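A, B, C and D are the chain letters, set down in written order, and residue numbers restart from 1 in every chain.
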Amino acid sequence: MSKSTLTRRGLLKTGAVAGAGLAAPTIFDGKAWSAAHTGFTNAPEGDTVTLGFNVPQTGPYADEGADELRAYELAVEHLNGGGDGGMLNTFSSKTLDGTGINGKRVEYVTGDTQTKSDAARASARSMIEKDGAIMITGGSSSGVAVAVQALCQEAGVIFMAGLTHSNDTTGKDRKANGFRHFFNSYMSGAALAPVLANAYGTDRKAYHLTADYNWGYTTEQAVKESTEAIGWETVNTVLTPLTQTDFSSYIAPVLNSGADVLVLNHYGGNMVNSLTNAVQFGLRDAQANGKNFEIVVPLYSRLMARGAGANVKGIYGSTNWHWSLPDEGSQAFTRSFGTKYGFPPSQAAHTCYVQTLLYADAVNRAGSFNPCAVVEALEGFEFDGLGNGPTLYRAEDHQCFKDVLVVRGKENPTSEFDLLEIVEITPASQVTYAPDHPQFAGGALGSCNPGA
Amino acid sequence: MLGLNKKDFSLLLIVALLTMLAPFILNPFPEGSELAQFNAGYPDLMQRFVIFGIFAIGFNILFGLTGYLSFGHAAFLGVGSYAGVWMMKLLTMNVIPAILVSVIVAGLFSILIGYISLRRSGIYFSILTLAFAQMSFALAYSVLTPLTGGETGLQLSLNDPRIIGTSVTESGSIPVTHLFGLEMRDSFELEMGAWLFTFNAGYYVCAVVLLVAFYIAIRIFRSPFGMMLRAVKSNQQRMKYTGLNPKPYTLAAFVISGMYAGLAGGLMVSMDPLAGAERMFWTASGEVVLMTILGGAGTLIGPILGAGMIKYMENILSKINSTILHEWFAFMPDGIEDLLVTLVYPFIGKGWHLTLGIIFMLVVIFLPGGLVEGGQRIARLFRRKKEEPKGPDPEHHPKPAPHVAE
Amino acid sequence: MDAIILQILNGLDKGSAYALIALGLTLIFGTLGVVNFAHGALFMLGAFCAVTLNGILTISHTVIDETRTDFLGNPLKVEVPYIYDIFGETLGASIIDWSVPLAILFAIPVMILIGVIMERGLIKFFYKRPHADQILVTFGLAIVLQEIIKYFYGANPIPTPAPEAFIGSFDFGQLIGFDANTIIYPYWRLVYFGFAMIIITGVFAFLQFTTFGMVVRAGMADRETVQLLGINIDKRFTLMFGLAAAVAGLAGVMYTPINSPNYHMGMDFLVLSFVVVVVGGMGSLPGAVLAGFLLGILESFASMGAVIDLIPGINQVIIYLVAIVILLTRPRGLMGRKGVMEE
Amino acid sequence: MGILEVKGVNKRFGGLQALGDVNLSVEENTVHAIIGPNGAGKSTLLNVLVGKLIPDTGSVMFDGQSVLGRSPHEINQMGISRVFQTPEIFGDLTVMENVMIPCFARRDGSFRLHAFETVFNEKALVEQAEQILIDVNMIDKRDMHAASMSRGDKRRLEMAMCLVQEPRLLLLDEPTAGMARADTNNTIELLKEINEKRDITMAIIEHDMHVVFSLAERITVLAQGTPLVEDTPENIKGHPKVQEAYLGQAHG
């Protein structure tokens, strides 16, 4: 009988029972960690390692979740040496050679977050406790990301966040075991503001409609602060309920409010509906204060753009990544994804794929699956070739700093996937902020938890 | 024994055995085998089985006995959860105060909502409870964010001003929930051949609470109070003209079931200290209705079975993806394999909602008494075969068909 | 003042959708005595009739365009709808453009059929069962229906625009003497409002002036007596169910340009439409319509910035608050008949 | 001074005078019938007696206390039990439970949260309930599901439920309405038996003359909302006013 805080299912796959030897190295260097194959949650035994892909499979973000899952399957295929290798060939770190992670073949389990923090935690716990997952990744909303990240911290596994854009994920709710590759509200604001100043001038009056929950609040704050910094004035901010479907009563008063720009801090179904409504009310073609009225959507996603259809034409927003990026890494990924599934990947798929690779590489470099080793390997890690230019995984908050894309709805799309065009690639330096920036204050990473 | 007749006592004993041996019963398949997919004996799911069992038992005291269909019961679970987390943030990581406060706060909240909602009956009562729960959800998700954590849920942080105990452990983590030092996440693992069984401290705490909750429910069912509640459902007119006032009886039932919900919420955060607003969404209330009906409303054991079944589907069925399906049917010829996968796929994995909907409809149509009625029918079938005519059991009262007060 | 007129207009529009759904719901409750939780799903199915018709009209064959390339660098495959081949590109394109209004013709028979199948295949077994059972079985059905739609159409909203001619908005404020840009109203919403009025008038006229309607109304009042007269009320009630389904479906069809349809739009409307029915009074058709418009307008008022500033979160709860107040002060709803589902 | 005293009760519904200056006194330990043709105001009067309707003027005193404005359960707790036209019983419960409920109501009042006692451990009440079932010849049916019984048995059960409370006044609202002749006779027998075994005060509101004349000791005839006469059955039988009221109704 062995006592443990969390299960170690890997043990039985080979029938071997590992000794209870617990090495506790104090200085990081790959060699030291590699000696310790036990003493942490779900230490993989045998020749396989299990990753947990926790994505929304039911509920409104199910399509996004499906795309994330495709990316994960592709990543696993590439890690195990299948397919054309995708970004493995362009990644600046060369430890990934198609032999799995740390020489172990990659297996995976999937779960359904339902985009509910409870369900997502249940699903993550089942993958950790039942299936012996060593790392959890995925998700399509910040509520879920924050909830699962806290769980992984407690359980002692690594969490590689999927799509989560709220500042809180690496701000007030940051955790040592959690890492985010995706960009955030602050970066959206910082990237958008100069482009907007260029396109629409610095003498603008903005009206914000904001989804009435955490992500909405941080996005509104970020966009407000960065646009005010370039000289814009904020006329009004109105909160809209999450469950709202018809935004007419929020949109209608905008034109008469003295504003000449409408910022829609909405995501998912909210964004599709509010943008559709705004266009219906003629805001895109209207005149105000002697200027063309404009609409801005801080966080764009291709899947949502698809839902809004022709309404996105000419509307600015920001995005983490887009398949039309010309760099080698993006092209390689788009090629292998497109060949396998027949259509280009979404930004959610990209971030999930990249996160899996980053994790695998960190394990290889550390020589151990021990979460603390992985944390040390990822902290301050600089890499390139994964689609966003040279990138830094900052040690202070586990946020990736990389180029951010400002995009615009395309006027003449050639297909249902070709809805956005890149307007500008904002360099990483422009979206970098201090770890203790007020928008991110109040959190602490704590120390890494290896569990067990 | 324990003030129960023989039949009820054996029922309690069966439930006790089932819960205590759950780690064995729920893990019938050896590790690493194809069928291990269907094992449910891991701490999180076992905890959920009993916690939702408690929730459903409580709901059944209201719906099963009085027939009042509350469509907003998840609000009490949510309020209880928030109260529990706040207790941990402010007072101690010991689960006892958290659970107690959860029950009390949920009880107070249900007095308020019950007092207002019970002024109406039938569908009006359902709509009132639904409206209150939806208001609670909407506010908790948005304007009450400072109190509830909003979208990300209320969780512990490294700078909680905890009075008893520390804010941060020596290793720099948030302390974990415990019962006088016994950590809820502690587990013993037992290896027997190819099998692995996990005995989790948190689970056993929940299981003991479930047994107490179940015992109380049996006592309530067999008590004059329980009989009065069934009278409420059966004929309020006659009840009034028999000198009984149905209002306080239904309110008491409402509050008791609200406290059960609060207890479930408190246990939930004791096992996993995070309280999310989605817990109060109307579909969550719908879920406990499904559990109770599926198992058998008005029966003692039904709600526990229903809760187990739905949580099993949610957690096990939803994890089966197409890769696993292909593995299962790999022994078939290719064409048939693909056909089988295509046929089964819509119902598992991300299609588990569909399966749930279908099963639920079938139960409501053909087995209004839920799984318990199904079991009774089968048992009767066997009994008839043995040709042992048996008179009606004097102590056996469960109603086959749930009726709502109208 | 202009802000208030604006919100009344918005409320009328929201109210149209609520009223249409609640109308069908009440029709079913009034005639059959069934509480139908799957009614929101019927609204959703209607919306997907429009999506489906659009899909049928755009069934395409692929033509390889060697001059352009797709995202993988292969020659671009261009989808050309067959309808272009049949009617020529100009007419073909405008047929596709008009697919939403055309979907009305498509949705009427489909929705009536769905309604009749639902009634004959499921609901009729629940006439004698308690309301709770009806709620539960139709709730199960709603889950099944929406999951089926999700299986075929995915979870993402599907854009279904109005015909080109109705895109855009007009300045209603200027018409009645306000400054430009104060009261803007989209054409399609005007169409929707008009459409709702036609349907509502149609249903009332149908019940008022046809023999069929008279029998049904008599049946609503006293089912047994009508049956004693030797009239086969059941058959008529089946058709009534089909009619209610069609009303919900049409409300869904025409709603698609306002909000892109998705599989859970029925559930989004379900709770709300029940509140509308209860506020209007269970079983009262005029009550359902009145309550629909009333709640639509109240919801619009509650979303005004000034109101939210005054009472934070009021826009989140206004509908439920109204429902609670009405149920407590006037349990039979605004226009409910006495004794219908009353305590 | 009767146990039930109705004095000067008037009740109007809009323009209709439903009850006009009703005076009535039910003496203790008598069977008092209130008869009258349809529309005479019997139901209205009954609703006034059980507190459902409040009269415009007048008083209804039970044992010196007003019943007006009290809810049904309070009136029952004062000692008035009621038998309905169609038997009102707890269909989902067993016969024994149906009888246990009034036993508890009598002992504990209108509400008590006795959630931890066990119904069948209350020996005294169980004995009481069993005794009344023996009295009405239903003891062999004690474990039956009440809804599954015949209408006659349901009526018998309802009677038992009322009697076990040992009410000081038993109100019967057309106890034989809609019954076949045989069932009616059975009910009459049952009521006679009860009346013989126990000294009980009964007020019967009835349409059927046959029932009334076989049971009642005093009869009040109600017509158009007003008491026409009050007398013994023998005197009522040949009373011209009564005949006129009934015949008039038959013609009109």
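The rule is simple: a residue touches a chain if its C-beta (ideal position, glycine included) is under 8 Å from a C-beta of that chain, and two chains touch if they have at least 3 such contacts.
These numbers come from a predicted model, not from an experiment.
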Contacts common to chain C and chain D (chain labels): B
Any chain in contact with chain B as well as chain D: none
Maximum centroid distance from chain D, chain identifier (CA atoms): A
Central chain of the complex, centres being mean CA coordinates: B
Averaged-CA centre spacing for the pair chain C and chain A, given as whole angstrom: 36
Rounded Å distance, chain A centre to chain D centre (Cα mean): 75
Whole-Å gap separating chain A and chain B, where each centre is the average of the chain's CA atoms: 34
Chain B residues counted as touching two or more neighbouring chains: 138, 142-143, 353, 403
Residues of chain A engaged with two or more neighbouring chains: 58, 62, 66, 212, 239, 241, 243
Multi-chain contact residues (two or more partners), chain C: 316
Chains that touch, pairwise: A-B, A-C, B-C, B-D
Sites on chain B touched by chain A in the complex: 31-32, 39, 42-45, 48, 138, 141-143, 145, 150-153, 155-159, 168, 171-174, 176, 183, 185-191, 194, 196, 198, 272, 274, 276, 278-279, 314-315, 318-319, 321, 323, 349-350, 352-353
Chain B residues within the chain C interface of the complex: 67, 69, 116, 119-124, 126-128, 130-132, 134-135, 138-139, 142-144, 282-283, 286, 289-290, 293, 346, 351, 353-354, 356-358, 360-361, 364-365, 368, 401-404, 406
Complex contacts: residues of chain B adjacent to chain D: 3, 5, 219-220, 222-228, 230-231, 233-235, 237-245, 248-249, 252, 256, 392, 394-395, 397, 399, 403
Touch list for chain D against partner chain B, complex: 50, 71-73, 76-77, 81-82, 84, 88-94, 97, 100-102, 104-106, 108-120, 122, 143-144, 161, 165
Chain C residues touching chain B - in the complex, by the definition given at the top: 35, 122, 125, 129-133, 135-137, 139-144, 147-148, 151, 267, 271, 274-275, 278, 282, 312-313, 316-317, 320-321, 323-324, 327-328, 331, 341, 343
